Amino acid sequence: MENKTVTMAHGAGGKQTSELIDQVFKAHFANADLTADDAAVLTPPVGRMAVSTDGFIVSPAFFPGGNIGKLSICGTVNDLACMGAKPLYLTCAFVIEEGFPMEKLEEIASAMEKTAKEAGVHIVSGDTKVAGKGQVDGVFITTTGIGEIQDGVTVGGELAKPGDAIIVTGDIGRHGCTILLEREDFGIEADVTSDCAPLWGTVKAVMDTTHNLHVIRDATRGGVGTVLYEIAGQSNVGIRLNAAAVPVQPEVKGVCGMLGLEPLYLACEGRLVIMAPKEEAEDIVETLRKCPYSAEAAIIGEVIADEPGRVVMETEIGTQALLPQPGGELLPRIC
Amino acid sequence: MGDTNSEDKKKTAREIIENYNGPKVRIMEVCGTHTHEIFRLGIRKLLPGQVELISGPGCPVCVTPVSFIDEAIYLALEKGVTICTFGDLVRVPGTKMSLAGAREQGAKIRIVYSPADAEKYAKEHPDEQVTFLSVGFETTTPAGCLSVKAAKEDGLDNYSLLVANKTMPQAYEALKGSADVFLYPGHVNAITGTRLCEALTEEGVSGVVAGFTARELMTALAVALVKFQEGKPFFVNCYPRVVTQDGSKEAQELVDEMMEACDSEWRGLGMIPASGLQLRPEWKNFDARIKYQVPKMEGKPNPACRCGDVLQGKCKPSDCKVFGKGCTPQHPIGACMVSGEGACSAYYQYS
Amino acid sequence: MCVGLSAKVVKISNGTAVIDAGGAKREVSSQLLEDLEPGDYVMVHAGVAIAKITDEDDSETDQLMEEFL
Amino acid sequence: MENKTVTMAHGAGGKQTSELIDQVFKAHFANADLTADDAAVLTPPVGRMAVSTDGFIVSPAFFPGGNIGKLSICGTVNDLACMGAKPLYLTCAFVIEEGFPMEKLEEIASAMEKTAKEAGVHIVSGDTKVAGKGQVDGVFITTTGIGEIQDGVTVGGELAKPGDAIIVTGDIGRHGCTILLEREDFGIEADVTSDCAPLWGTVKAVMDTTHNLHVIRDATRGGVGTVLYEIAGQSNVGIRLNAAAVPVQPEVKGVCGMLGLEPLYLACEGRLVIMAPKEEAEDIVETLRKCPYSAEAAIIGEVIADEPGRVVMETEIGTQALLPQPGGELLPRIC
Amino acid sequence: MGDTNSEDKKKTAREIIENYNGPKVRIMEVCGTHTHEIFRLGIRKLLPGQVELISGPGCPVCVTPVSFIDEAIYLALEKGVTICTFGDLVRVPGTKMSLAGAREQGAKIRIVYSPADAEKYAKEHPDEQVTFLSVGFETTTPAGCLSVKAAKEDGLDNYSLLVANKTMPQAYEALKGSADVFLYPGHVNAITGTRLCEALTEEGVSGVVAGFTARELMTALAVALVKFQEGKPFFVNCYPRVVTQDGSKEAQELVDEMMEACDSEWRGLGMIPASGLQLRPEWKNFDARIKYQVPKMEGKPNPACRCGDVLQGKCKPSDCKVFGKGCTPQHPIGACMVSGEGACSAYYQYS
Amino acid sequence: MCVGLSAKVVKISNGTAVIDAGGAKREVSSQLLEDLEPGDYVMVHAGVAIAKITDEDDSETDQLMEEFL
């Protein structure tokens, strides 16, 4: 690109918009389904179709373990995967702040390319808007994905059953912890990188192991704790969590200790919560441990009939206590 | 944790608590972190009927009066000051709004881990005026003082404290009749030492200093029950790995050098003479109230809120009409519902 | 009140200490504690090391148990 | 809603996020296909499928003739319509600034509901992010639409043919002019309202009149002028424009006169450019004039073999001159 | 337009132009709007070989030197001043960047329709410093003066002008040899009247004042060709509905009261003595250069750019090596490619 | 240079005039023109009415044509 930064002219719909699209986006996203027209023309999925959208506004846009581009693909691909759907097509809409470095935009596009390839999804259509300086912070990306629901598996937040084992596919809270350390200036140094990863391959492997699955959910915003409460509510079941079994990286624990935060409420971007009948649990974990992003998969609890809508934990002294419900903004606390 | 021997001992503490059949006893956990841990560990469920646990005024957020939030918002919105604060204060309702509400209106509210970070921010942003909201008890006050010292050394004229620090001894006096045994706040005692608590024994006030791990807390409770059955006033330091008889001389001297006692309003307990701290006149350039001529605020708590009674152990959170209805951690009406340590919040979250 | 964190001192220099909790490191004030040395355990609150402690865990509680219970 | 404004907690993924979604979005968007899960499960379109995405960052969010909600539905529905596709499903992702008035958000959601109904499209999935004060200006919406391409009609920007008539479905530039007057403080009073409208009904009517259509394009960002240049390029044809035949509201002309702007480059949000063989033109215009948003449809030029890639206009003195190529940012000029 | 009679006449003007077979003649359109309209109307295509149209220095944006942009950027980025400007200037390249580039870096750049709006903005934003970029010729200068008067009446101390206004007579002198006939800028003459142009006839310089509609422009060109064939110096006011012999006394007096002549740099023509304007000392509080002590800028135009030659009619835009390659309206290298009126831009857009 | 707009005066008050061009109205300075009245046509530039004109269109050109051509 001749321009070193994104200018208002790049968003005006004329020549420079085309230049930006051609030289940055098309250069990275090219595939047979990508369109320059108003809409992509595609072969629809066979059977049932899953559709999901998410907006990504992570600040900073670049962080250890990824950037907003990688995240924007993973987020939507994972939402499709959680419905048992193979991701086929993806659209992306950019809102870019005037003055954003072109080099950074290329880096974002390149991460999207790589991640989309890994996930096997085609980027089919896009949109680029440029917002005036200060009207937006850096770059926002919204992706929408279309997937083909695989035959034989039906999963959903309302399908958890008492007796299900609860599996988490790896150590939790790394993405949230990474962003917290990057964003706020808490002066904490810790070797933590985002867990951001595309998980269709992981879900596929699990589905190939057994069709006997009830819930697959990616623990993003709000973390594993929020997902557990959501499912307890949707399925009207209780959840018993074995707090000691939840994998947490020591550094993440240390950061949480300093800031008074609960790791269960830190966002992940590459972790699934899976619920399946207890008898399948060992096989699923074994499969997961062979996949690239779930070597530390663990069984962390079970679904129970008691305490519907609630998440109870066994404590260190052998009593049971509720996991506090998901609150609002994560606020580091002193007392 | 882990070796069989201590596992045995732990069971013993639990057994003592569960099987207590001595006289009726009211134990007040003074410290908010204790309140929180007691709920988190489900300890209340273990207690036999004659043991009543009362949540005392030990959460700095909970006892901070509405007017303090109003002062902070005044600084942020009227004076354009950048407010640095611990995260806990952000959602506490003021008369008209919380700091989060002020932020929506464009106020600059920064959450910090330490007052030292607020001072550092001021140093790095000479074009901004920065005020740290200094709340907390003996444990926290030294950190605020150190930040002011640093600001002076760095020659800053854009850093100040809005001080609402409080001291515990006067509160113990005020609460004397409310409980049979105090579970003293371990980290306050780390600074103050244990002499005052020992002295209180002579006035007939019993207590134990408790630590914060599950074992420490259970042990302290068990010790309290065992000692209580003996029938005479007692004091035991159950947190010896951190708390000494003298406490931290350095911290005491630092605070004494920079701050002086003043009357202070406690939410629920009202004005308690000499229970608060303010910067000494030599440090008045760092006192936000003086620097910005903050007008006197008549904070108006929501009339439905019974935080005051809750904090004195006069009622349970569930006795408040709006508890769990209008007032939830998502939409707190009173301070006790905000902090994870507030009694109302703990009741709501864990039951 | 006053969330405390026990952590290990890994570095000392002129009024400040770098402490480590599970690999998370941060600089805190050591002005309230004389003679801190790397390897010591401290209780940290609001960016200040407020007390030196004998051990990072609560094993001392054993003695209390023996003494009182 | 209990809250009068949108708070950070509404974006944290917990209870308050659910409250916001239930009370504002679900309340307005409810339909059989709307999901609360990670992805909507849908019956795919039959035949070929059209997919389009667009981000909407209009400032101000409320303007005479509509708001960002209405716009975000029209924009995507119209892009689908321009491919000859019946809009079936739509997703929407919101990025909302902390402190945004809840009442305004409701107004936006209500406009979306109404417009989606009119367009016959189901909102199937959404996303809500809250950005910190100043991190975003008010509210941004990204919509993605899925449509079913109707049999028998193939249109595309590369299909214009010499001899085609060029039709515009109404007076041009009203949306751009409206926003300009609202946004910049130029002190100009003019009774101009946005032309923002959902046009699937219009396209359907045209397609029912004739299948002999080559190009349908909505003249949004960049206006009719930009669309003409785009198509001239894509189809490698020339375009002869009869400047006098282009319908422009006198007030829009007046505003353009004051600010030195060219109405052909002002955005529309409810106008189509249609290219079809000359012999179909009269029928198409007749049909259009009966539709609610195209009473002033007019033939404004023709596609020619000469001057490929260019747009030439007949001038008042009978000469021919090029329409200046679309430039960057629209800048009111004094000289 | 419309009635058959005038349609006939219009054809006549066109016929005269198309069928001109008199001596070779060089006509310079002084005014950028004329350049633009001549291109827009495709008039060049009608001209027989002996008629050459030269684009003169009549676009205020084009003749404004690089250093002026640098001064404006200095005010915006170094002094935090809010810049109000006509839209045309926003994309003109300075030495390092344009105002659009400065805006990307956080500069506050507002596009206004009128200097009066800039003054109004300053009045409504007392906490901001506001500077209007005052460029243009006789037509535009009064508007800037009126805004300063208003600012004085409103008692503003946050409004100023960065002045680069220029006057035409000195340019006519400098360009005397470059053309046989001047197409005088109608709106400049609306202010100045026609006496100077008449006087130039006596020095052998011919010209017509032209209006801006298609008919006005064609008629003026036809008149010029007819008169030129007569072989002696001539002047015709072909824009009588707007231009009078005296012009606007009020405007002349206003500008004379507030501004005084100074030497001024014209891009392409270089420094022309007494061809510029500056605020008189009585108004120095409103002079941004004085108010903010703007250092002297040595603006460096891109060395490839031949704007200077283009503006003097010494070469055509297409003779510039980077024309249409490195230099396009999307990525202008010189000022002549920025404004819709710039000769390079007009050549690029319309051919 | 100097884009001019001919417009009709629709209101006059104390140094300012409201002008109308095709229904687009804006306040401009009338300080340079004495005796403006509603109904007059003016040439407007940069928010200032710089000249009174005899008519909004260029019909006067006819006379020039007759005279010179």
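A, B, C, D, E and F are the chain letters, set down in written order, and residue numbers restart from 1 in every chain.
Just so we're on the same page, a contact is a pair of C-beta atoms (placed from the backbone, for glycine too) under 8 Å apart; a residue touches a chain by one contact, two chains touch by 3 or more.
For each chain, UniProt lists the protein as follows: A, D = Hydrogenase expression/formation protein HypE; B, E = Hydrogenase formation protein HypD; C, F = Hydrogenase assembly chaperone HypC/HupF.
Remember, predicted model here, so these are calculated numbers, not experimental data.
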Between chain C and chain F, the fewest steps along chains that touch one another: 3
Furthest chain, CA centroid comparison against chain B: F
Longest centre-to-centre distance from chain A, chain (CA-based): F
Chain pair, B-C or B-D, that carries the greater number of C-beta contacts: B-C
Homomeric contact chain A-chain D: same or different residue positions, threshold half: same
Centre-to-centre distance between chain F and chain E (centres being mean Cα positions), rounded to whole Å: 21
CA centroid of chain B to CA centroid of chain E, Å: 71
Whole-Å separation of chain centres (CA-atom averages), chain A against chain D: 31
For chain D paired with chain E, centre-to-centre distance based on mean C-alpha positions, whole Å: 37
Where chain B touches two or more other chains at once, by residue number: 1, 32-33, 59-60, 86, 100, 113-114, 117, 136, 140, 215, 330, 341
Set of chain D residues in contact with two or more other chains: 7-9, 14-16, 134, 186-188, 258, 260, 325, 327-329, 333-335
Junction residues of chain C, two or more chains touched: 1-3, 26, 45-46
Interchain contacts (touch definition) - all pairs: A-B, A-C, A-D, A-E, B-C, B-D, D-E, D-F, E-F
Residue numbers on chain B that touch chain D, as the complex places them: 100-101, 103-106, 330-331
Touch list for chain D against partner chain A, complex: 7-17, 36-57, 59, 78-80, 82-83, 85, 89, 91-95, 124-129, 131, 134-137, 140, 142, 144-147, 149, 156-157, 217-218, 220-222, 226, 267, 325-330
In the complex with chain B, residue positions of chain C that touch it: 1-4, 26, 28-29, 31-34, 43, 45-48, 50-51, 53-55, 57-62, 64-66, 68-69
For the chain A and chain C complex, residues of the former touching the latter: 186-191, 249-255, 257-258, 260, 333-335
Partner chain A, residues of chain C touching it in the complex: 1-3, 5, 7, 20-27, 44-46
